[in-house]
C-alpha cells in the first residue's frame, strides 16, 4: 500500500461518499416519521388499518431492497410512472426503512407500561399529548440500540443504488479495484465506512447517555 | 408473464433457495448465542473486556458485510488463511450478525429493571441462574420485534454470497433475468422471498403472542 | 420523459450506457473521467454524427432494461453480439474482434482446454463466456469439476480466486485478460490458452425501433474504420489491432 | 352526586365485583374499606373509566354517566393510583405541573408555582428536581397525590393514599383531604387504615370480597 | 448477632444515613421506624449488600461482615422489598418456589408443596396460578413475603410488609413473624405502623432523617 496511490483515488471515493451521505440523511429524516406513524397505526383499534399496514410492512421487509429499487426504477415505467434516478432511490429507501423503523417503534410502544398512558388519560391529556409527552420519550430510550442497528445498516445499504446506475462510495471503490487490479481501494472504502459508523455510533451512545438521566 | 416460462425457471430458483435457507439457518443458530454472549460482555465490569467487544461490534457493523465477505475470502489467502467457499460465507455471516444481535440484546438487558436482578441475587440465585431464569425470559419478550428485523434482513443478506461465487436465490434470478431480458424472474424471486418472510413473520408473531401471557 | 423518437435525428443528446468498472473498454479514471476504447470510439462516432453524447453508468445486469425504458440509448461497452441478444436489441455492425480464452497459472501446467478435466473453472456472471460455456458443453462444461462453473460478479474476483488456488482456470474475454495480466507485477505467472471457442465480435446495442439511428451509426463506423481511427484506438488500448475487416 | 347501582364486573371468568351500589354526596368524603382483593382498585378503575363494567348503572347528578376517560379531560375525575404511576422521565416538579400546563389553561409559571406550593404542603420542597427513581416509597406516594390534586377535579379518588406514609404524614394527608372538602371537592378514598378512615370519612362503604 | 457501628452513606452528594449504630440479637425482632425519606430502605439495602456504605463497620456474630450479595446464596439474608419486585413472567407459585428449587437442594415437589403451604397461610391459595399483573396490591405484597420466607434465611428483612394489607391480614403477618421468632430467625422490620411494631418488636430503632 502506498500513500501516493491512496491520495490519488481518495477524491473519487470522497465523491462517492457524498452520494452515500446525502441518501443516508434524507432517508433518515423522512423514514423515521413514517415509521413512527406506521407503528402507531399498527396498534390501531381498527382492524382494516392494521391489516393494510401489516401488509405494507410485510411487503417492504419481505423483499430485498435491491429488488424494490429495481421495481421502482425499471418496473414502474411499464405502467408509466417514471422516476428520476435519485428520486427513485430515495423513494425506495424511505418506504423500505419506514417499515423497519415501524417494527422497532411498535416494539418500543408495546414495552411502555400501560399504566403510564392510563395515568395520563386520567389527568386529561389528549391522545396526541400523551403520545408526545409521556410515551415517546420512554419509547426513545428503549429503541436506541435497535435503531442504531438499522441506521448503521442504512449507511451501508445506500451502496445498493449501483443497480440503478448511481455512484456511491462502494461503487467508487469497485471502479478503482477493477481498474487498478488491487484490493487497496476496498480497504480504503472499509476505512471510510468505519469512520462514518464511528461517528454514528458516537452519536447513538450520546443519545443513550442522554436518556440515562432516569431509570 | 406466462406459466410455461415460470415452470422452466422455477427449478433453478428453488435450487438457489436451498443455499439461501441453509446459510440462513446455520447463521441464525450460531450467531444468536454469539450475540447473547457479546451483549453480556458489553455490560461487563471489566473495562478491557468492554473495550474489545465494542471494537468488535464497531468493526462488524461499521463495514459492509459484502466487504467482509471479500476480505475473508479473497483477502485472507494473502496471509495464507484459505477458507473453503461455504465456510467463508458462514464465518463472515456469523461474526457479522453476532454483532447486530449483541446490540439488540444489550438494549434488552438494559431495559430489564435492575430490581429484578437484585431480588434474585438476594434469593441466592447464582449469576447464571439469574440470567437464565429471570433476565433472559424478560429480555426475549422485549427484543422480538427488533430481532425480527435482523432475522428478516439475514434471509435477504444471504444473497451477498454471490461475491464469493456462491449461487443463491437472488443470483439464480439475476442469471435468468440477464439471460432472458425480462423482469419476470425477479418477480418470482420476490414472491419466494415474500413466502419465506411470511413464514418468518408468522413465527415471530407467534413468539410475541407466546410472551403475551404476562405483562 | 424523453421523446425516444428524437434520438433518431440530431436534436437529442445520445446517452451511452456503460459499466464504469469495465476496463479497458469503458471505466472511470482516478480523476473521475470516463475513458476507454469504447469511450474514445463513441466520441469519435458522435463527432461524425454531429450529435451530442453523454455517458451514463449503469448496472450491467440491467442494460437491456435501461435501453427499453429509454434511460439510455446505446449499450456500448464491449457488448458481444449474440443471437440471444439479437432477439432483444438491434446491433450495429461489429467493430472489434474478441475471443473467449482460458486464463490459468503457469505452474498448474494447463495447456489446452482439455487439461481442465476435473478442475474448477471461474466465470463472470452474465458474460458471453458464460453463454458459450452453457451452449457448448462439450468444450468445457462436461470436463470441469461438478460440470458447473463458479460464478463471480466481476472478473477481478474471479482472478483473485484463481491466484488463491481455489479455481484452476478462468474463462474470459481476451481483451480483459490481456489488460489484467499487463497490470500484474509478475505477468509471467499467467498463461492464456486459446482455441476452445471460436471468435466473437463486439457491437453497439440499440432499440429495434431506432432504425434511422442504426443506419447513421453504421455509416459512421465504416468511415472510422476506413480512416484508420479504429485501428489506432485498438493499438492505443490493446497494444494490437483487433479491427474487423469487412468481408463484403 | 355520583351514584352506583348494582355494578358487577367479571374478569377472565372470575366475578370480581357483584352488585355494588352506593352514592357519594357532593362535597363529602366516602371511604371504601374491605379486605385485600375485594375489588376496591377495580371499583375505582370502573368509576374513572379505565375499566368497563358488565351490568348496573352509574349516574352523575341524576344523569346517566358513562365513565369514559374523556370525562377526565373535562376535569371530572382524578385518581391517585395504588402503585403511583409517576412518569419516570419527568422530574418531581414536572410530574405535577405537566397536566395543568397542557390541559388547564395555566401558563407555565402558574403551573410551576402551584406545583411548588403542593410540594411544600407535602414536605417535599427539596425534592422538586429529583426523578422518581431517586425518591423513597413515601416520597413517591406524595408526588402521586400532588399530581392528582394539581388538576382540581370535581371527584378525587385515592387508592390507599397513605400506605407508604408515616403517622405524621398520614395526618398531613388527612388535613389536606379536609381542606379539599372545604373547597367542595367530592372524595372517594380506598384505605385499609381504619383510624385514618375514621378521621376523614363522612360515610364508609364496606366492600365484601367475592368467593 | 448483627451489629452496625457508625454506618454512613452519601448518594449524589446527599447525606442519606449518618452514623447509624444498632445491634440485633439472634432470634429477636428489631423494628426500624422513622419518617418517610429517613433512609430506612437504604439501610436495608446496605445490610443486604445491595448498596455499599461509606464508613462504619458491620459485624456478624462478632466477626467483620462485609455485606455482599453472595452471602445470600449461603442463606444468610432475605428481603421483602417495599415495591415487591415479583418476577412478572412467573406465576405466583413459581415466584415462591423458584429459589428453593434452584438454590436449596429441595426437589421440585418439595418446593411446590412448601410454596402452597405458604400461600395457604397468607390466604392466597386460589391465586397460585395467576401472574403478578393479575394480583391486587395486597396480594402482591403477600407473595413477596412468601417468596422471602420460602428461603428460610438466618436474617429476614421486611420493608413495609403490611403497607397494602387490611387489618386482618396485618394480624396474620404479625402472627407469622411471631412464629418465625420461635424458629429462631432474626428479623428486621421497617414499618410505619406503630401498632404493628408494638405487636412484634423486641426492640425498636428510630431512624432520624438527615437535613
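Should a chain be cited, it is by its letter among A, B, C, D and E, assigned in written order, with residues numbered from 1 in that chain.
Rule of thumb we're sticking to: a contact is a pair of C-beta atoms (placed from the backbone, for glycine too) under 8 Å apart; a residue touches a chain by one contact, two chains touch by 3 or more.
Protein identities per chain, from UniProt: A, B = Amino acid ABC transporter permease; D, E = Amino acid ABC transporter ATP-binding protein.
A quick note: this is a predicted structure, and the numbers were derived from the prediction, not measured.
**Student:** Compute the shortest path length in steps from chain B to chain D over the network of touching chains.
**Tutor:** Minimal hop count between chain B and chain D: 2.
**Student:** Taking CA centroids for every chain, report which one is farthest away from chain E.
**Tutor:** C
**Student:** Of every pair of chains, which is linked by the largest number of C-beta contacts?
**Tutor:** Greatest number of C-beta pairs in contact occurs for A-B.
**Student:** As a quick test, compute the distance in whole Å between the mean CA positions of chain A and chain E.
**Tutor:** 49
**Student:** Quick one: report the Å distance separating chain A from chain B, using the average Cα coordinate of each chain.
**Tutor:** 18
**Student:** If you average the CA atoms of chain A and of chain C, how many Å lie between those two points?
**Tutor:** Roughly 37 Å, centre to centre.
**Student:** So how far apart, in whole Å, are chain C and chain D when each is placed at the average of its C-alpha atoms?
**Tutor:** Each chain reduced to its C-alpha mean, chain C and chain D end up 81 Å apart.
**Student:** Which chain D residues touch at least two other chains?
**Tutor:** Where chain D meets two or more other chains at a single residue, that happens at 83.
**Student:** Do you know which chain C residues sit against two or more other chains?
**Tutor:** In chain C, the residues touching two or more other chains are 61, 65, 160.
**Student:** What are the residue numbers in chain A that touch two or more other chains?
**Tutor:** Correct list: 70, 74, 141, 183, 215.
**Student:** For this structure, enumerate the chain pairs that meet the touch criterion.
**Tutor:** In this structure, the chains touch in these pairs: A-B, A-C, A-D, B-C, B-E, D-E.
**Student:** In the complex of these two chains, what residues of chain A are touching chain C?
**Tutor:** Residue positions touching the partner: 8-9, 11-12, 15, 70, 74, 77, 82, 85, 162-165, 167, 171-172, 174-181, 183.
**Student:** For the complex, give me every residue of chain D touching chain A.
**Tutor:** Going through chain D, the ones touching chain A are 48, 50, 69, 72-75, 77-79, 81, 83, 85, 87-89, 98-99, 102-103, 131-133, 147-148, 151.
**Student:** In the complex formed with chain B, which residues of chain C make contact?
**Tutor:** These residues of chain C touch chain B: 61, 64-65, 84-85, 87-88, 122, 125-126, 131, 150-153, 157-158, 160-161, 163-166.
**Student:** Taking the touch rule as given, give the residues of chain D at its contact with chain E in the complex, in rising order.
**Tutor:** Within the complex, chain D contacts chain E at residues 12, 33-37, 40-41, 82-83, 126, 134, 136-139, 142, 159-160, 163-170, 192, 194, 211.
**Student:** What does chain B use to touch chain A in their complex?
**Tutor:** 58-59, 61-67, 70-71, 74-75, 100, 103-104, 106-107, 110-111, 114, 141-146, 148-150, 152-153, 156, 159, 170, 183, 186, 189-190, 193-194, 196-198, 201, 215
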